[in-house]
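Scrolling down, you'll hit the structures one after another.
Heads up, the next two complexes both have chain A, just with different partners, chain B and then chain C.
What follows is the complex of A and B.
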């Protein structure tokens, strides 16, 4: 059953043909496989409590981590500024990863360059690569700003970005007054949310604190504006657009810092936009004058927010607010900070979300959930689930820290629905696998990689997180605001109903409950 | 049409129906239910009632003769569980078009019947008459008779076009069709002294199955259930049963009574909603069977099953009693459920603030009085506005009703539980009662309700702010709400000091400067001074917006 031109088979069909099956069987025989019974025995053993204990005693090895590295976050933040080319000082292979990672999630091209350090650069330092790299990318891609971050390679040898950029400018790689903010973003510290934080802080520092000693520091003249920071967020396209709508409804004057909602969602109309939208460089500089800054993700802005507060602004951090109460808090804070009222339109949206929750609560109430992802996302999701009467059982964040653990525990302790929940900072998806086998739940919430857990443990996966590679376009719909809460609710409900249908579809066996109305 | 009119009149004379029997001759002609008021919202039509009553026969092809409206809107809308055939869920309709209406739809109907037999060969076809063919004069009785003769297969006309009246009347007309064309047309393979019929039980969400194991344990055989999880052959041979239980008090009373008249099958009216009712029903079935020749020990065996099941259910419900203490229920439903559910809820320790009796018979009402006392709050016909008022005044913590009233409850932020046909859970029998109690508990404890009953936080905060400034503490009606909102609002980024604390300090110590507030509240950070200044200065704009 080889390919025929009349009926070309996709790979998942083609290899089911007898000739390929035979080939695969031969390969297996050639490998002299282990006794299948023994394989089965070990497989079953990995599902036990005994194995779980050994698994949790693991120290050195991380298996299936639910996090990415700093520079990925730095690139994500950098492209949120007008005409900005992210320039990663280090090896080019890393940069190819960030680009493909972002492209696969957003289904958009992702433009980013590297200084392509090789072995000699690693021995003698990357200065030449920096000088040439800045000159080449400035001339080839005509950016308005180049935001520099680093890979591990440059960090291990200790390249001094500040000095390198200064030298590059002296050597004429880029004009002396050209904006080249920078951030050190080694992957061996923190995760992509740390990189986001560092890059954003680096850019603000550049504009506010005298452009690396080449210009006077800005003097803050407070105005009525509010700065908004989304943090590292797979739903940035939908979320930032929703936030803009809310801010405009309320009549708040605002600056969104690192607004990458356009560059990750460019229209297909015959024009390639290497850069699109973004916070303008003027806005970035003038953001220093704002009344205050709101961050939607505490652990994505751990350094940026105190930096902004030190410049005299009020700052406020949320933990990925989702659902009614969290959105209430967010809007209240916005209202207090800006002095603007909350319009009727938003009150109506609130009412609609509450209405939808009441219509469907019976199906979510008491269902058990496991959640993993970035710390703020986990916190926000857990809070929304508690509000829905669902019971989070495992909340796991590979890049969550001690403070996150404590804050999340406090959240769970405050609800009768959070009493049976454990919080796992610094754990990975292989730990989650043990948890799902030994303390099963009804549903799992996580990113695309959760599909292996879904297959292994039979726990249905609701895809909320980053990256989501195997489902398209969900990043276009918000999960913030009351309307975003509605989207999350529908996502969860869709899975619940799909599962009920799946479990009741067996003809003549279980289909007595295969109902039209749910 | 004249025969239909006669049938309808006959139904209105139903002696089994106490309510009708007590009416004067002139009123009886007007029919069972109140005449529909043009311009008002009303329930389903006679066609719908007929289809509801018969569709749970699972191996029958249900063919709706009419334009797409009738089957298009009712296809598979009830979750009556089937243990075998899926045919009942398949939508068959003649889907009449304009030409059929001009030239008549009889030929189309005949062809449709033939095609069903060709493709599916079911044991029988039920043909439902609807308004349009009835108005243009399609004679479905004649078509069915011809088709039955030609194809040698039962083709049963169900003459219940929507315009003849209410849903309830339609169910009875469906019963008439069974009596006239189906019941007694076949003989069972064998009979036992333990054969019973269940009449008016539809196995919604598999409710019947929650009871059936008890019957089987006692050796009682359900010869025919009309119509839940029923087969054509079973209903056709149902005339050989020894006793019958009338499950839904009004919809098929004519079937139970006429079967008693024709085949001497004694029946009683019972319910499996609630622990006491389930026990009573089992007892009554045993009594009737023994009266018809079953061995005496059936009664003893039944008592022991009852004792065991009751003990089990009570144990399962016990933990809820404390949780339900002081919780009030408003029950809006029809017919039999009004009293049988009352008993069930009381068993779980809930207090009933009212129950609707719109579709209940005089007997139903008497039973309610027995259960709830003479001054029971029986609601004859509750318009949504009144329902809204009762719920809004928080006279009830939860409302139990059908889907139609759901939205009234939800708009008043009152927990609600569906106990009519579109529900997802089965509440019958001892097992079902525990399920109902569990569902009520889940509804009452859902965290969303608390959220829903609170004003939007910005309104709550605005009110709390009034309180601080005017010092008119007594004028704030809902202190706790304002307090929660105030305590919830963090002022400092380090999240240690909330608005309430700062306001209280400002108010009680007469503080006027940021420094003073800091001293009193331990508010330590450097970033919050502006916010504290704002609180000290003037009410924020959102307060005005909320006015």
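What follows is the complex of A and C.
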């Protein structure tokens, strides 16, 4: 018996002991296990070009996708508004999943309700669930706004949110003038970034275009403000705070739309804040008057931006700007739009990032990378790697589309360091596995699920993306702005140095190269 | 320190009743009436806890429950390691449940075992419009090609499958014939079925009965020599290795475990279970159905057991042994004796730090009752408990064997009620899930996730008890809880002002 009170063995030590190892070896006899030689043969076969071809010929099966479904994005966007309770109409299990998923990434509470539709609602429709649900949520959680979206169940049976919300108000579930914006967010269309887009558009539409026929449409009276949209972003806490700092440094008057940087980073001080921060409802309404709107993620705002443009604003979309040039472009565009200059302090920050890149570039230059994640994140990361003289080889986005593919290819074609890179829209992490075996790279950048690829292929994983479940607090630091670029640079460098150390730490074998100074 | 310990049972009962009344005031009348049936104070001597259960959750209240798919794919089927489990429908369900339950297993993942893969048919609009059966047919071919060493396939239905009229049973039969009788199991666990995870467990159990037992018959493979001491572990999902730290005790007492359901389990083990002499059942809620079926059909007795904390472990080892001869009975005593020094050392170390501390639980399955003994072994007291998806038989077991008089009981608790109850009762520790964890930690209340063991475990068996005790101690006695209030906000008003 290895366990003891003095030194309590955890699961990662306990089961390595001889008693458990013998027990597990004996258990095998009952498992009807495959011949180990056969397992080895198939394992090796999965590393081949032949397997890769079969793998890429898949038409029906998706394995380890790097995307989630629409309502997750809708919930993420909704909580960015002051006092807003996301309400997802459909099966209740979905909401348990979104809440868990967001909590596991941010290590924060995630509040959201469901209309808990069951079999009878599948037959008769979910109107009663909506009426009762809105009344209960309104009374229990005292929200300032309830933002409704849908699960695939409600979409398949065709529930009409606009009519249901109207009826609910008529039945007194919530006051007639209480704000209940909505968005249909079918899980079988697009991904979580689509859901973000639909929900945000739904909320703006509600405030700007007459609250579903219950109020006059707002008439735009242009002012000097700039709207800012972050898009679905695992680094929303750090990033939005950094953007606010930059906007304030420049003296730009701004409105962050869907500002969830507070609600996903509340203090532990004895009070649970179900709602915190967020774009106020007045700000959301008045955002129609802004001079223009900047989105940091084109593919998170494909419908929202044209909607805003239709209201007469200038709109600008970036692709998760990361590093020097992308941040330059962002700041210059912001300056142009707002008429405010870029202060010296930001020029100094820029200089520090360039300084850091010159200090370290020798360790990154020429290193080969594979990247996967949401389409804008992939684009932004690829652009930054090119600046560092690194060579992206595989860029894969499960929820990337044809337009993303073309834009990313154009970016790569414009750099000598992007010539050997291929772009994979609509592919998953099992495709990536084949790519890493058949065309190996030095480093992989992606979310937590990349650890399976790291284990299988030996490619060191740098965790940048969503979700990151197995490392803590990274979402608190920005990856946007020059300071954000610095954070990304350090993250990449740390992994590179750690890997060199790991490979040179065999005493008596690789005492050389185990350097103190690098 | 909790408020409750200084009060009498009658006072606590009155206070808890008042707390329930107070909490119900927030609801619209109809909702208050419905919720009132799920909240109560236990009276000792009663045969159940006096609450309704297994009823529909109320819309909009922030229920903590999940769905039937979670009960089938997430709980029962997902851990069977050598079968490929398809999340059939849109991408989300499989994505959110990917690798999050910590059902440990040993295998070459992606080659002969598949638990931590997320395989989905990733439904698009055209699949909803035209149906998904053709995609499913092709998908099974692709699995066969890319994962040739899989020992079977299950189809875990997501909501749309049952709504668009797909015939996954017909597809399963046809593909099974095509692949020489391969085990392909369609599971009708659409998320809208039933009121919680619970129906998903039942549906998943029935699928084992219909598509594995009935397919094979009791006399089929596998071929191993039976012994009089063959048992199967039922309803242990090997979270953090729970089934392993249980199995080792059973084997040390002389039994032979021929199957694990379903943590670190395999198709062969499911198929072999009708040969067991006794099914020992840990999570009654999720696997009583198949245990009863095996009793009726194959005449295999089953007994419930509880491997949390030394008191319940010893009681359970003796109970299990009572089904066998003296050799096993002696074996049970030998095991209890062998681990006694470890138990003594753990209790000596941790009990003084935890004595008198109070706990509120809200979990699923068996835990709202099963872990109470382990807390009591450490001198802690459970002052409130409830089931996410329990039935009346769970509350009966709770009332008859576990909870004390005046314990607050809450069924299908929601966010609002849980916050009010904790705020008022001020327990020293809350044990619940990931959705609750950060809410209470923000409030300054120590918390442990009691679904995933907060990424720790195992908690079963003697080895697990040491980890359990250590974890509860580090939650309750972490120095960080003293830092929750900023010192300048904690200062009482200066006396000078009062004197003016």
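Here, the second predicted complex is superposed on the first by the 515 of 518 C-alpha atoms of A that agree within 3 Å, B and C clash if a C-alpha of one lies under 4 Å from a C-alpha of the other, contacts with A are read in each partner's own complex, and residues count from 1 in each chain.
By definition in this document, a residue touches a chain if its C-beta (ideal position, glycine included) is under 8 Å from a C-beta of that chain, and two chains touch if they have at least 3 such contacts.
Note that the coordinates shown come from a computational prediction; the quantities given were computed from them, not determined experimentally.
Asks: Aligned on chain A, chain B and chain C: do they clash or fit?
Replies: The answer is fit.
Asks: Identify the partner contact of A:122: answer first if only chain B is touched, second if only chain C is, both if each is, neither if none is.
Replies: After superposing on A, A:122 lies in contact with chain C but is clear of chain B.
Asks: Considering only touches as defined above, state whether A:507 meets chain B (first), chain C (second), both or neither.
Replies: Touch partner of A:507: chain B, not chain C.
Asks: On chain A, which partner touches more residues: chain B or chain C?
Replies: Greater contact footprint in residues on chain A: C.
Asks: Now for A:27: first (chain B), second (chain C), both, or neither, which partner does it touch?
Replies: second
Asks: Does chain B (first) or chain C (second) touch A:447, or do both, or does neither?
Replies: Neither: A:447 stays clear of chain B and chain C.
Asks: May I ask you to decide whether A:5 touches chain B, chain C, both, or neither, giving the answer as first, second, both or neither?
Replies: After superposition on chain A, A:5 lies in contact with chain C alone.
Asks: Using the superposition on chain A described above, determine whether A:92 touches chain B (first), chain C (second), both, or neither.
Replies: Second partner only, chain C.
Asks: Between chain B and chain C, report the minimum C-alpha distance in the superposition, expressed in whole angstrom.
Replies: Result, nearest C-alpha distance in the overlay: 28 Å.
Asks: Name the residues of chain A shared by its contacts with chain B and its contacts with chain C.
Replies: Touching chain B in the first complex and chain C in the second, no residue of chain A appears in both lists.
Asks: Quick check: in the complex, which residue numbers of chain C touch chain A?
Replies: 26-28, 30-31, 56-70, 82, 89-93, 95-100, 104, 106, 108-112, 116-125, 127-128, 135-136, 138-139, 142-143, 145-146, 148-149, 151, 158-160, 162-164, 191-195, 197, 221-222, 224, 240-241, 244-245, 247-248, 251, 257-260, 264, 266-269, 272, 338-339, 342, 345-346, 348-350, 414-416, 419, 433-435, 437-444, 456-458, 462-463, 466-467, 469-470, 484-486
Asks: Looking at the complex, which residues from chain A come into contact with chain C?
Replies: Within the complex, chain A contacts chain C at residues 1-6, 8-11, 14-15, 19-20, 23-24, 26-27, 29-34, 38-39, 42-43, 46, 51, 54-55, 58-65, 67-69, 71-72, 87, 90-94, 96-101, 103-104, 107-119, 121-122, 129-130, 132-137, 139-141, 151-153, 156-157, 186-189, 191, 266-273, 430, 433, 449, 452, 456, 469.
Asks: Considering the complex alone, what residue numbers of chain A touch chain B?
Replies: My answer: residues 291-292, 305, 309, 313-317, 324-325, 328-329, 331-333, 335-337, 339-343, 347, 350, 354-355, 357-359, 361-362, 365-366, 386-389, 415-417, 507-508, 511-513, 515-518.
Asks: Once bound in the complex, which stretches of chain B touch chain A?
Replies: Going by the criterion above, the answer is residues 75-77, 79, 81-84, 86, 205-206, 410, 422, 424, 439, 442-443, 445-448, 451-452, 456-458, 461, 488-489, 493, 525-528, 530-531, 534, 540-542, 544-546.
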